[in-house]
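Labels for the chains are A, B, C and D, by order of writing; each one numbers its residues from 1.
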């Protein structure tokens, strides 16, 4: 087992004894991240980009250094391709509304999948309704993988944009984005990847990923809430209209007209999440100091252990691929005759924190034939001990509900 | 002089000796705010609204407590009228796109003013272009007040929305929003107030303000970046479509359709700024412990002192109302033959931090016949000493540039 | 085990107090499940934050509930609460149901202390089996589950 | 006074080194201000973050700059830099201008040390009066002001 247990000391919240298995919803924050933000706010804070005084310059430098750090972390050619947003949801809405409304015509096709998080589905529904474009969905195979055969069939000329999850937050499934991107580009479609789970748990290298846009959130990768990223290939960003108007994003404004600032500022209207950018920078430093490869390997090892031990729990049904190949550290489960909320409550009594519900993926729940699942998700601070507590709690639930 | 100098010890950044006169751009953060966020992240952090486990409940409680605190602070009847956003800019874009696109027809009129920040102008330009509505602007009087006579003339049937600053970030001018709202409501128009400056420096009571929407930012009122507020009267919010689609904002989602969650969740797609909400809560506690009346009085006293001492500086031209009545603590100035950026650089050498430029109000700069101003703005931590340093720096600038 | 963490202090009690036998029984064998031939009032309630659903149909005659049926899905608490509710509302007037709802809400309220009248073991107790739901109060996040059928009931009644 | 604060260490030097007399002179009396009758190339540069504007018009003949005019508004640094630039580019070939721009950028670069060749007091110095802008390097936020006319010049040249 990749030994990362020594990192637990960096996460103050774990002192309470919680078995935190809900990192897919949001990760905990290590002390160095909290300290970086606090220090910055105490010594170098000011608004960015407009001050000629030194504090403002210090803040601007910190903010732009965070942008370069993100670019470096995801292998972006150019820091200007990194747009700071409020989170994955806003990043995806920016693409849907900024690119979609601008570029989609009636009858054009938007191709997505049945396993998307609402953040990568609802905006496209809204945009389809406004533009008259047609929304279509790629199904899953029996092993909860994206059905690449059907995807190939649906990737026809007329498909203008493909919106796909980089890693399912319910199943852990990691689709082959490079292959999907090749197919999409062959028909002239752009590809936007919801990488809310992929970036924190596997990392991405946009120079080989193949997609045109990548969206992710700081709060799921050890960073603060309130900030996220939209990366876009420069030529794709150039096709996009600003999603919001306001300060910082303009070149000139008259009473009736405005022209836009260069990319990325054009897409960052208003005061950005400055302190949060500093926190995200520190989070990336932390992740890199551990190593994304190690983190992914660690998640996978825990997943393998979990799948094995959970297979013995009476009445438990696991939802997701059978193996751990191309799969992140997420295990969704249901128990016969026992609702996911009841599982979560009972687990919580043993200090095991798992999420229960539809995980913002209601269409996927219907595909799986359930209304809710309990979901355990792993991150670098989890250990086998957490899995033991999970298994014990599930057994207790089975006893209470008389499952055998 | 209202004595708030004892509060300076709460602001770690002031230890550096900086004369921070750029609070209109963004305020500094007192230690209690930073500590509240840090403590929360170390002990009670999880994602909100979906977890059945205790940590998630604690986080949800903290987040919703912040919403109630905001509601209480601004006199909102119902906490559900408080929508957390990324900041003023996003709040205003939500109204422009969510309300404007939905409700404006070709030929409808949008009435705004020549002193708006780009955040309350550019979104309306965008919406006017998309809907065919007509954008019109109320001018200023010679004393840099909103021209209420012309406003009255322009407030005709057909005006559907009035977008007005609650306090100008360049002039300090505080328009009479209750009077404007009465006029607007008489012709059936909605009123949105850009209160980015008004809330931090004078506070608002929405139960008497009269407007239908109020937008403001946490970072200008001692709180963190990354969060802001849109307050809306319930019936006005009900006229608004969601600006973003995604998680948390839905009631049900199928592959092709979605229905919306109740207000305010409908307008809060995705993971909200959770830690930031805790910080904003602490910032409001701090402001209230001082008292908004005292803060406004203190700003005004400093403004009066500044206006007097600055009137002696050779070559200096002040832009804004002559007196301090209905005026916030903002002083914009230009110096003959000396550009605002040069003023800012020279002031910075004396550790005086002022903003220089167009302050995201280019149309107003044209009205004033300048391209940029240097702007000093005051907040509870400023003292007469800061004004002395300002005056000394300006005199030095005059010497360097040979102004007499 | 189960030490409270976070800023909210939760008194941990035995799970057995939450999942009393009578609740599990109503969950496994829900009463008055299905549809009415001629519903006079109907309402659907959803808890958007957890996905629990309850649909209630009522037959009314002279202001008295003469028939009730429930459909829905969700956790043991919401579904048992719905089932138990159907048993107590039948034959009640609107006013009596208003009283019941107030009693029930009082029982769920975190502010009030435990009402000694609400003892499920006591014969003739006001809320019947429902009083077994008292344990829910210790699990604030689950209170919404227990309340969902009741809010939906009030909506159905106010729709007529 | 003027103690550096924040995380960026700024070496504070006398303001007099930034606002040298030659800069103030170019700012007050800009050279080659106005428009050309027959411009062969023109470009407008804006610094969107501070609002400085510079418009450059060029007359070219056989790849040599034979005429130059500047319009614009902004701070002393951007406008003086533009004025001084007009003085050095006249009569230069594209290649020579490329060299000048590289020299100028080198002078502004925070990474490089100060180039001893760039001594404004030295007769025949490469950049002429422009070398007086060396003081700008100590004010990183103002480097963009000094560079604006040069970036605009390169844009004008590349437009032909």
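Convention: a contact is a pair of C-beta atoms (placed from the backbone, for glycine too) under 8 Å apart; a residue touches a chain by one contact, two chains touch by 3 or more.
Every value quoted in this text rests on a predicted model; they were computed, and no experiment measured them.
A.B. asks: Treat chain A as missing and name each group of chains that still hangs together through touching.
C.D. replies: Components, chain A removed in thought: just one piece.
A.B. asks: Considering only mean CA positions as chain centres, point out the chain farthest from chain B.
C.D. replies: Relative to chain B, the chain with the farthest C-alpha centre is C.
A.B. asks: Distance from the CA centroid of chain A to that of chain D, rounded to the nearest Å?
C.D. replies: Distance between chain centres, rounded to whole Å: 45 Å.
A.B. asks: So how far apart, in whole Å, are chain A and chain B when each is placed at the average of its C-alpha atoms?
C.D. replies: Chain A and chain B have C-alpha centres separated by 31 Å.
A.B. asks: Between chain C and chain D, what's the gap in Å when you average each chain's C-alpha atoms?
C.D. replies: Measuring from centre to centre gives 76 Å for this pair.
A.B. asks: I need the residues of chain C touching at least two other chains; which ones are they?
C.D. replies: Those would be 5-6, 49-50, 141-142.
A.B. asks: Which residues belonging to chain A are in contact with no fewer than two other chains?
C.D. replies: Residues 13, 16, 18, 43-44, 50-52, 54-56, 250, 252, 341, 345, 356-357, 362 of chain A each touch two or more of the other chains.
A.B. asks: Thinking of each chain as a vertex joined to the chains it touches, would you call that graph a line, ring, star, complete, or other?
C.D. replies: other
A.B. asks: Would you please name all pairs of chains that touch?
C.D. replies: Result for touching pairs of chains: A-B, A-C, A-D, B-C, B-D.
A.B. asks: Contact residues on chain B for chain A in the complex?
C.D. replies: So the residues of chain B touching chain A come out as 12-13, 16, 18, 20, 22, 25-26, 28-29, 31, 34, 37-38, 41-47, 50-56, 86-90, 92-93, 96, 114, 117-119, 121-123, 125-126, 135, 137, 217, 219, 224-227, 243-250, 252-258, 269-276, 341, 344-345, 347-348, 352-357, 359-360, 362-363, 366.
A.B. asks: Which residues of chain B touch chain D once you look at their complex with the stated criterion?
C.D. replies: 13, 16-18, 337-342, 345-346, 348-351, 356-358, 362, 371-372, 396, 400-402
A.B. asks: Quick check on the complex: what are the chain D residues that touch chain A?
C.D. replies: Residues of chain D touching chain A: 4-8, 10, 46, 48-50, 140-142.
A.B. asks: Contact residues on chain A for chain D in the complex?
C.D. replies: 40, 43-44, 49-52, 54-62, 250-252, 261-262, 265
A.B. asks: Name, in rising order, each residue of chain D that touches chain B in their complex.
C.D. replies: 1-3, 5-6, 12, 15-16, 18-19, 24, 28, 50-52, 73-77, 139, 141-142, 145
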